[in-house]
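Paired with chain B in one complex and with chain C in the other, chain A is shared by the two complexes that follow.
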Partner chain A sequence: MTYYGGHRGRSAGVRRGRTWSIAALLFLIGQLGIPLLGLAQDAASTAATVAYRDIPQLGGSRNIIWVIAQQHLLLAGFVLGVPIFAWVCEIVGVRTGDKRYDKLAKEFTKLLTSAYATTALFGGILLFMLLGFYPKLMAYLTDIFFPSFVVYCALFLLETVTLYLYWYGWDVMQGGGRKGLHLFLGFLLNVFAFFIMIIPNSWATFQASPVVVAEGSALARAWAATWNPTWWPVNVHRLIANVVLGGFICGAYAGMRYLSANTHEERVHYDWMGYVGNFIGVFGMLPLPFAGYWLMREVYQYNQQMGITLMGGFLSWLFILQAMLIGVLFLGANYYFWLGITHRIEGSEVKYRRPIMAMLVILLLCLGVWMTPHSLVASLEEARRMGGTHHPLLGVFGVMSAKMTVVNIMILVTFMSFIIYWRAGKVETATWAKVAQKVMAGVLGLAAIVVIVLGVWGYFVPAIVRINYFSVVQVLIVLFVLVTITPLTGLLMKSARTTTEMIWGRMPPRAGYALVLNAVMVILLMTLMGYARSSSRVHWHVYGVMRDSSQYAFSPALGYAAAFMSLNTFVFCLLVAFIFWVATMGDKTKTMEPETKKKLPAGAYPAMAGGSPTLDDRNKQ
Partner chain B sequence: MRDQRSFLKNVIKKGITGLVVGVFLVGVTRALAFPPVFQVMFFTYAMLGAAVFLLLDAPSLQPMSGTKALVALLAFYVVISGVYIGGASLWPQYDPEDEKGKIEKLLKAKRAATEQGKAEELLARTKALSEKADAIMQRLQAVGGAALARFPTGADGGIPSGASPAASGDLVALGKEQWKLQECYNCHKLSGQGGKKRGPEMDNIGNLMTPQELRQKVLDPRSWMAEGFEKEYEKKKMPDKYKDLMEDKEIDELVAFLSTLKNPSVNTPKAIKKK
Partner chain C sequence: MKGGLLLKGEVLLKKCGVFLNRGGVLLKGVLLIVGLYLFLKFILPLFTAPLPANLIFLYLALTVAGIVIFATLSSESTEEFFGPIVRFLNGERQTGPMKIARLLVLVLFPLLVGWQTYTSTVPSDMPPAESRTIHPAPPGEFVGLSNPIPNTPENVMMGKGLFAAFCSPCHGANFDGKGPAARGFNPPPANFVDSGTIAQLQESYLFWRIKKGGVGLPIEGMPWKSAMPRWELELPDEWVWKIIMGEYDGAHQKPRTWE
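After this line comes the complex of A and B, so read on.
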């Protein structure tokens, strides 16, 4: 007891010390930052003489910016994505009274605090590098966006204060009405985080899709430039992608902890955390292709040439690489669900073997279609044999109509994997269960048929009809399936009887590797999309307005870029590993609190999806 | 031991199934004349499927810790990375030199506008004139037609046909290059190529607008409107950026090219003066 108290005292002292250090650091950054902003106008005048600077000995300005910007973006994605589900987990904990969710939310937030400082650090480095390497471009952007720089700084301060209050106030704000205040802080944290994300998005999207900057006040010009055609599609796409990134990284963290767990309790906890991380990642991933579709549509509408450069021009093979990564991600996420079915729920292995086999085959077929490019690489002889660069059969799969169809089918299959996992080891007892099952099967079957029919029909209608109506209907149908079957299954499971208990902590080590694989795939995907967005501007800093006249104006080839993406992913993984190591240093000295163990057999925990002894007890009563 | 034996059986069974399916797919794709890269890809899909199924039933590995675990994880990343970089490198690569060439062309005019650029241009002109003088001298000295034929002249006896428009000083050809460099085809169709949603087809514009009017339109898009494109005009679809982006000389070249577009079979809309 004395030791515990002493430890608490020490940790409080350390915490206080850390808070002061952070405050001092922020003050220093502020001191450094204010003169920088003040000098922006001077920079504009010197920029007229110096357009670029370079350090070729360090790989050149573009490569340096590439690495730093990518690290900052990935860290920012994590830092902005995690608060969303940390807050949701906290709410679930409050509503269900299940302490595990609160513990999980706190664990997520713990990772956040260390990651936040590193993100800010990389943001600062990026700013200095940009000012140094691209003075002319930065002067131009500062001239347009200066008012939003000020708002951004203010938001950053608010976010910092809210995050530290949210984290350090966690234990203090547990009791009474203070929990409500803590939840409100979580809400505020997410609101500030959202605005912190969309403001820099406006700078980046302006570079890709600039609008005519009207004459007027500085604020009016900044606002006109902010509200550019790809701003909102990118905002939505990034918001979802951040949740996916955060989910899969937390999953990978849990996977790593699971692999290195020494006790059964640790294995149980990290198995469950890995499941939650994967669940968040998968559910975020489901609407992501729709957001990507919207973004591409806006790109085409803004500038057809840019759309063609991306989808049909020199970057078109990039999307085949994207299909490969997303395909592996879908396979990895489903594989993790299937491992859960076969290892956590005894007896399910035989029962669900056939559906798993069928889902795997469908996923592979869809992946095959998705990875088929529109115009094929063919030698002259091959082209002659095929009768052109478009194969009569393969060419059919290379177009958007086919790709949209298979993406929707893959989403439906992944959703089904989750539903099967949810229902495994349970028997529905509701009187209306059979009707509900038939309705769900009907909805799913009909949705799949309509998606395929629209996909085939899409070949016979003008592109504008396909893009504006058919693809949109396909998306709406899949969303309809998601929003009807999820609550219906939830209702069925409420009264279901558990036949086989779900046992946590029994997953084989490869489940941990699957979680790491998923995280690596998402990180690679984000680096690939960064390359796509930057390359789509070709040799423009600001598309159609300010040319890139540096020696690095050209886009690098795909193989070279892939090596760079791989390097960036590795560096990011190292950073995250370091952050997690620092964040969990103190855990080693703490003892586990075996609260729930008394009530339940070892490893048997109530689950979000799967066996639930708590519900069974309630049913028995 | 029993686990290992049953896993080995499993590997053989599923491996053979994967191989059979893979070979079957290769046969089908070959019969359908798919390019080799796709035959390999289809085989890979079959083996990937077999591997996923195999991994579902595989016995658990012994948990690793310390350096061993770290090395295993690094090896795992190296494999993923290797496949990724290998895949991206094996697929068709675009050649950055193409874009470098285009950038060079674009920047040349900018550089020429500077003082240093002007000096360089004068030097280049002097050099070209000197070469021309040399060529004339050689022609005069030559007696037979055979000697003349050796000179690198074009069909019209002027500049060689392979020479760039810049070297020839051909305004129309330079204007056509501007059409491509400024990506006018993105909004205007010409000879059936390019987009046409935002702006009118240009094939007959030379019959409808004078060079002065065309110049005015490029510099100030609000000065003229194409009949039937009222909505586009209201939405300011044509960007107001060319006066900043293009040099005077480049605008002259573009206008010279546009003035030659006189194909009455294409229904290019009439231009309405707005300013």
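After this line comes the complex of A and C, so read on.
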């Protein structure tokens, strides 16, 4: 590659007849650049010899990279998930004519602008840190991926321009037939965001499952390395996970705003927003285990050793932690739905108490099975009494056949929670309603039975039959339930008569806390799985190709890692809180204006302090 | 006589029902927790092996979460659940035994927490609870190997014979990990009939474990506790592959494959 910028600038200056002084200045700059080129060459030769640098005083290079990379990834997940969320809300707003959706979409796009800058900032810090700490590895990766670096930069520019147009053009493009253009910008924003996500994914997945081609053009080598075995499974998994993260963080934001709301209007708005956030989070969460299963299957198929390290080896305990976190997430999401049924829809509590109890019991039983490890943590005495670390009865819960079955059942239960919520307070008036109800009950019951039968049968067939057929059939059955019951319920609800109007803003404070809990669980999950994905490479920078020969070429102990996961979660929550605070500072100033501020009557409290419309009414009396 | 007993039983049940209803969600929850604990700790071991303490704790924690979730669904049930606890701790209008009970709880609870903290941190001569990893990752050179011995009845029979000679003292003649020498080991030898052992693994994995034995286990996830001998010193590779065939056949399992 040749650099000729200084010379071209100088001759251009002469050609255009600009003043001599500018030309002289450019010349001087050009002269100054000559020694810099020499220094750059020195640096290049140094980089080739220095493999690692470190700052042990700040906790060591690996820990610094761990924190920065995790923050960047979490922020990126949020920044890429929210546009999907916002765009879908905008479309719903246009299609239904409900202005609330448009307001919601705009509110989150506003958060996006400040979050986007923070994400880019962490990306820049990460890049500098990587170049400084791991020059040899970065030189190797640059050599392979340079063409995709260029594409990535171009995409970043396009994404930034589109985001500015999307955000700043929101109000301008509301009328005059320009809404379509705005929606198109939202679509473009998501397309660019998708490619911005999958390009770095190729770098990270290459490190885990490299495809190294020694010959061919730079483009061909980059393309071969990009299209590595775990690239698409990670792309799909991250795309869905970003929607989940975006949804639950939006829910948490709404939860916090709901808890601190001072006016009834605010309560109504943020209660509704919390519902939408939770709904999108749950909606994304349902297919997420399937994507995760596919990813792990590809990992096993790429390298059995890596698969065993993850699922059977020293990292296998992470999957028990994962089960606990996902379990809490499932419970939290369902709890929020159930609170919505009992508090927003008058009279529903008595009607749905028993079904809720049944769903809760099923969820807890499934969770109990999911959390039961294959080899139990036992003292010497306990292991002796059990005859080993496998329990003769509960040991059967430890294998994938049981885990897959209960995950599918939990997804079905969560889906049913949503359906019940949807149907609560309405009476179906369609003539075919009873038949439809029977069909839906039949589909659901039959699906649950088949999932369980396949799960039990899975113990008696070769692993490959279970993995290739039984597990796939279980997933397809659950998806079939989702795609059959959802439109059927939608059709029923079109003609349904509302008996009890849904009242927003009546949720108790614990609903807001449940939303915050869900967001924290998702963040913890991402930090946990980030550690798992990275540690599965064990002592390799690029698995099987470039060995980690630094002093940190060991996997940190699980307790140590857990502390870092918590730290990362905490730091990210602080960052998000800061971003939200900055982004909504203007709103607070507006609401402080006396003519627009609608204070609650004397004696009424924010929800956080236990306030609710019922209490407000009581206080008035 | 019989009718009288039935009547008495009915009255007792009714009284229990009244008692439960008066106690509300809180009493039902407490009874459920106590009942579940008794079942897991004392009744289940009558039929199978006892559960480790941390698993019992896990199941009880799940149950508590479930009770709290269900009890806090509506404002009324929340009040029914937490009301008695709050009132008891506030000490509002308490007299006699309730007052003493409250004082006792306020004194004993911190002591209990202190005792728990003390017992969990005091140095002990007991070995710590194990979080054992069952399937360490094999070294790269063993990944993806396939059994070169044709799967014929003769080879399987020969494998079973070799298994009987070299492996069955520990892993048992029935492939269930209950050989005559098994009682001397903790953890016990693997039970191949269990669908969670060799059925989850490829033949190449078993080849590695048999050849390298306990001493060949990787440093990750240490310390390993395996008394498996390093059979590569005594058996040729061909015999090891045949033993693997015999093991799968005898345990009625199939090796994990990808095709």
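The working rule: the second predicted complex is superposed on the first by the 534 of 621 C-alpha atoms of A that agree within 3 Å, B and C clash if a C-alpha of one lies under 4 Å from a C-alpha of the other, contacts with A are read in each partner's own complex, and residues count from 1 in each chain.
The rule is simple: a residue touches a chain if its C-beta (ideal position, glycine included) is under 8 Å from a C-beta of that chain, and two chains touch if they have at least 3 such contacts.
Worth saying up front: this structure is predicted, and the values here are computed from it rather than measured.
Taken together through their common chain A, the two structures put chain B and chain C in a clash. When the shared chain is aligned, chain B and chain C each come close enough to touch A:W338.
Of the two partner chains, chain B is the only one touched by A:P509; chain C is not. Looking at the shared chain after the overlay, A:T205 reaches neither chain B nor chain C.
Once chain A of one complex is fitted onto chain A of the other, the partner contacts of A:S61 are absent, as it touches neither chain B nor chain C. In the superposition on chain A, A:S114 makes contact with neither chain B nor chain C.
By the touch criterion stated above, A:G398 is placed in contact with chain C alone, chain B being left untouched. Contacts of A:R547 after superposition on the shared chain: chain B is touched, whereas chain C is not. Look at A:T230: by the touch rule set out above, it reaches neither chain B nor chain C. Of the two partner chains placed by superposition, A:S148 touches none, neither chain B nor chain C.
Of 110-118, 182-190 or 200-208, the segment of chain C running into chain B after the two structures are fitted on chain A is 200-208. Residues 303-305, 314, 317, 331, 335, 338-339, 342, 356-357, 360-361, 364, 367-368, 371-372, 376-378, 382, 385-386, 391, 393-394, 508, 510, 538, 544, 555 of chain A contact both chain B in one complex and chain C in the other. Interface of chain A with chain C (complex): residues 300-301, 303-306, 308-309, 312-314, 316-317, 331, 335, 338-339, 342-343, 349, 353, 356-357, 360-361, 364, 367-368, 371-372, 374-396, 398-399, 459-460, 462-464, 508, 510, 538, 544, 555, 614.
Against chain B, in their complex, chain A makes its touches with residues 212, 256, 259-260, 303-305, 314-315, 317, 320-321, 324-325, 331, 335, 338-339, 342, 356-357, 360-361, 364, 367-368, 371-372, 376-378, 382, 385-386, 391, 393-394, 508-510, 513, 516-517, 520, 524, 538-539, 544-545, 547-549, 553-559, 561-563, 565-566, 569-570, 573.
Within the complex formed with chain A, the chain C residues making contact are 44, 47-55, 58-59, 62-63, 65-66, 69-70, 72-75, 78, 126-140, 143-144, 186-188, 191, 194-196, 199-200, 202, 204-205, 220-221, 254-259. Across the complex, chain A is touched by residues 32-38, 41-42, 45, 48-49, 52-53, 55-56, 58-61, 63-65, 69, 73, 76-77, 80-81, 84-85, 87-89, 91-96, 98-100, 102-103, 106-107, 110, 183, 186-187, 195, 197, 236, 239-241, 245 of chain B.
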